[in-house]
Amino acid sequence: MVDLKVEIAPGVTLKNPVLTASGTFGYGREYAPYFDISKLGAIITKGLSWQPKIGNSGVRITETACGMLNAIGLENIGVERFLTDELPILQKLNATVIVNIFGNNQDDYANLAAKLDGIIGIAALEINISCPNVKAGGIQFGIDPQAAAKLVAAVRKKTSLPLITKLSPNVSDIVMVAKAVEEAGSDSLSLINTLIGMAIDLDRKRPVLGNVTGGLSGPAIKPVALRMVYQVAQVVSIPIIGIGGISNARDALEFLLAGATAVEVGTANFINPRAAIEIAEGVEKYLDEQGCVKVTDFIGSLA
Amino acid sequence: MVDLKVEIAPGVTLKNPVLTASGTFGYGREYAPYFDISKLGAIITKGLSWQPKIGNSGVRITETACGMLNAIGLENIGVERFLTDELPILQKLNATVIVNIFGNNQDDYANLAAKLDGIIGIAALEINISCPNVKAGGIQFGIDPQAAAKLVAAVRKKTSLPLITKLSPNVSDIVMVAKAVEEAGSDSLSLINTLIGMAIDLDRKRPVLGNVTGGLSGPAIKPVALRMVYQVAQVVSIPIIGIGGISNARDALEFLLAGATAVEVGTANFINPRAAIEIAEGVEKYLDEQGCVKVTDFIGSLA
Amino acid sequence: MYLFNSEVVKNQKLTQNIFRLRLKAANDFCRAATPGKFVMLGSDDGLFDPLLRRPFGICRWGSDWFEVIIKVVGRGSSQLSKFEKGVSVAVHGPLGNGYPNNNPKNDQKTLFLVAGGMGIASIASYLFSALDRNQSLAGTFLFYGAANYSELILLNELTAADAFGLQLQTITDDGSCGRQGLVTQLLTHELQSRPQSQVFACGPEPMLKSVQKVLLEADCDGYLSLENRMACGFGVCLGCVQTMINKDDDANVKTAKVCTQGPVFPARQVIF
Amino acid sequence: MYLFNSEVVKNQKLTQNIFRLRLKAANDFCRAATPGKFVMLGSDDGLFDPLLRRPFGICRWGSDWFEVIIKVVGRGSSQLSKFEKGVSVAVHGPLGNGYPNNNPKNDQKTLFLVAGGMGIASIASYLFSALDRNQSLAGTFLFYGAANYSELILLNELTAADAFGLQLQTITDDGSCGRQGLVTQLLTHELQSRPQSQVFACGPEPMLKSVQKVLLEADCDGYLSLENRMACGFGVCLGCVQTMINKDDDANVKTAKVCTQGPVFPARQVIF
């Protein structure tokens, strides 16, 4: 039996390399009827902000070729209610929990990090610096390496929790952002968030989404994600979590080969609520069949 | 009957807004057995360099979810042979011809532009500033607004042919590049070129493509292309030609709504050699049914 | 909630673009079905286009099968509509909260069912469930509107429900069957004489909006079944939310997930 | 070259994962077919996964039909292999240049046909074409290799070609049918006694490579049918190119498009 344990950040060893992507796994408990969520490497919760957010109005999702666009607008219940209503349930379900956070400015992030610091039942923070509606002086944090680094450094000061910085793919050079964030003290990186896209309702002559543009996810983006993971893996020494269109065990294994220490399953959870656990089981089966002893031997072993 | 004429650059009025994308339509004549290529708005030929290029070795194409990756490596017969062997055939076929060019540095581009200047049978030049293997001081021209502008200005000086600059989608802010290129004297813009992606052969544990990474095209990228065309159309005043995953008339019409004056059909030509003409006919039929008098009324009419 | 691969038992073409699919299901699934609940259906071919599963109302069910009625409007419905006997279909359901239990006999209330277009698939699930349990439909009215005669489906079965007491009135945009006009006209008219009735409605958003208006004007309660776009169908994508009146705080609005908190909602709560 | 939507006439399962599809075609198409040519096939469902059409050899044809043999190796072949009678399939072809005309009787030459795995589909097109035109196969040898017995297909028809003079030898990796070993062994052996023969080969690249080596060593001409990945099949994507010896300039190499200049090439020219 292959040893599936991976260390995705110093001191954060997961039982296997399959996690769930923020915003695609609710607060976790919604999946409990379908499988034992404690069997996943970790679950990453819907992006949390300080205050609850009601999200965008109008159409929020639409399907595109082998993908989907979402413009949820980061609807969430806010950190306070998460801690009182949701985290205890996740603990009862024995899930390994990583909390995804975002804010409107650097202070928001820092405050959230401080608030979550030391709370039992949180394994790490994932900082979403790639939300299209969060700007640092007109530029998204996720696009400007300096701004990203400053943000990570500020968050770093406020918490002893391991930090995973989630990168945007909508950049000219993701390697620069990755390096900046690594230097600023991020313990790991997760990539990619969604590509910015748009859909048009021809007959109504208007954008499909209430928000005009939205985030593209699903199998369509896998080649871009795989490329970025591969590129970043060549230059950083912190662990990488690969995300983007992962729909089955073979997809997940490709990301591991490219250099990801773990993966997050996103859109696939919507189509099949059991996708993440089936992927975890499939990865195990494949590596067993290959006679692989430790998944860490397999990671980054692309020729 | 709707008037389909569009002016894609000063003095370049096409009979309809459907063109073919460089690298997906050979040198044009390969399609003559399938339909009368003079019926298209224009055909854009495979990217030409000064010298013939043999392209990449190893696997050059692979399919991805609703898309394909290519790493042809810009194989082409060189400008000389194009002028002697191919252009005369295109003229005999009465095709409106736009020539796509690329080089390894600014001089290459300038020389190509000078060489093609004044040649009868060429309606315009499309400058591909987005090829991944063409760099300006380590940065691709297509990624750095200043470098892009300098290149366009240099080409502008060498030719009186209308210039269409073809933009890369692999940038943080395509609007900045578009504006810079407009100011530098480009007559129009075409977007998008391919997204950079990668595919991995799991069982062989190696990249599928000989070149490791490749350009992602096809329906998968349509939402990204549509978004970029829409964004650029809000800020530039020169015509835009939309490209990316256009597979049927409805796709083409969506790009027109978003603000494109014309569209280029790419990958779809491989699947169905008659795709471009069927799209042109479909656009006409739809606009007729809508009672649209001129396609120019429809362009940019997104609510 | 069950997740399984089912098999098409029968595919019956009802109109040019409306198909009735009967699918196999386990007893447990069928026992969990109630009128107004739905399933997410997708192809089982391993291909990614269409990507997401699509929601369809459970229209009728037996002990080991259920039926959906599919109108072809895009690529997802088109694919499903072509599945013939024996084809495997991925099923997730029964999902959501259906219509409240309503026994007109006990409540002594009139029940008005209002269906517009494909809304009939949802409304019919209430009727079929009654028929299949031999429950009387005395005091139940069905107002069923569609664009034209050829868009009216299930007419044989609905007419046969006469015997159970159902009073059926059809109406079409072009007058090709029943009266000419919109289905809400029928409701408005009958509601005048029976303001204390119960109302279940399903149909396109403009129709539901006007049903809501009629209900509010008559100060009558009622339920609307919404059909917002869904990516997941089980409450995790937040794609299907509908703005609702926040009962906790009247000044404020909240969002509700149509998939898990609905698709059937009290008409008063929905903010269109 | 023809572009049309055809219809599956028959889908015959040959092995666990190999299927023989018969498709309708117009007379013109069938007249344009020759051994070694191929078609690009795709689904006609309007969906984008799989996206590109896939190349398959035209294995046999009549006046209004043709057959392909499809081994399931990925999503494209898997989808096609499931198409039953009546399903519409998009066809583009006949494409490429097949095997050169070879009439062993006139040439007084022996013809060695070498097929590895699915290469038999291409090689068989030569044999079927001869059979269907009542042409003698005297002096024609078929060396047919596969992983094991269950991977050997068309054995009945190939054996029946005995009557036309075909000499069939099979070989398998595991010895489960015919000799144990690689198909090139058979070729090497027979070539020794008949060095002036003609050779046609189709199979996986490693096999073709070793056939080429055998031919070069014996200083014998021959033709290889390549199966490079293809996006378009008609010479416009430059995806399928194979490096070739440049006859104009021996010091240099050139590329050839397998789809339009091949898939059949003189063995001497190919650089693997």
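We just call them A, B, C and D in the order they show up, numbering each chain from 1.
In this text, a contact is a pair of C-beta atoms (placed from the backbone, for glycine too) under 8 Å apart; a residue touches a chain by one contact, two chains touch by 3 or more.
In this text, all values refer to a predicted model and were calculated from it rather than measured experimentally.
Chains that touch both chain B and chain C are the following: A, D. Averaging Cα atoms per chain gives one point for each, and the point farthest from that of chain C is the centre of D. Chain A and chain D have centres, each the mean of its CA atoms, that are 47 Å apart.
With each centre defined as the average position of its C-alpha atoms, the distance from chain C to chain D rounds to 54 Å. Averaged C-alpha coordinates give centres for chain A and chain B that are 34 Å from one another. In chain A, the positions touching at least two other chains are 65-67, 218-220. Listed for chain D are residues 48-50, each touching two or more other chains. Shown here, the protein chains touch in all possible pairs.
The part of chain D that touches chain B in the complex is made up of residues 1, 3, 42, 48-53, 76, 90, 92, 229-232, 234-241, 243, 253-255. Residues of chain D touching chain C in their complex: 45-50, 75, 78-79, 82. If you check the complex, the residues on chain B that touch chain A are 64-67, 69, 143, 170-173, 195-200, 202, 204-207, 212-213, 216, 218-224, 226-227, 230, 245, 250, 253-254, 257-258, 301-303.
Residue ranges on chain A touching chain D, taken from their complex, read 65-66. Contacts from chain C toward chain B in the complex involve residues 48-49.
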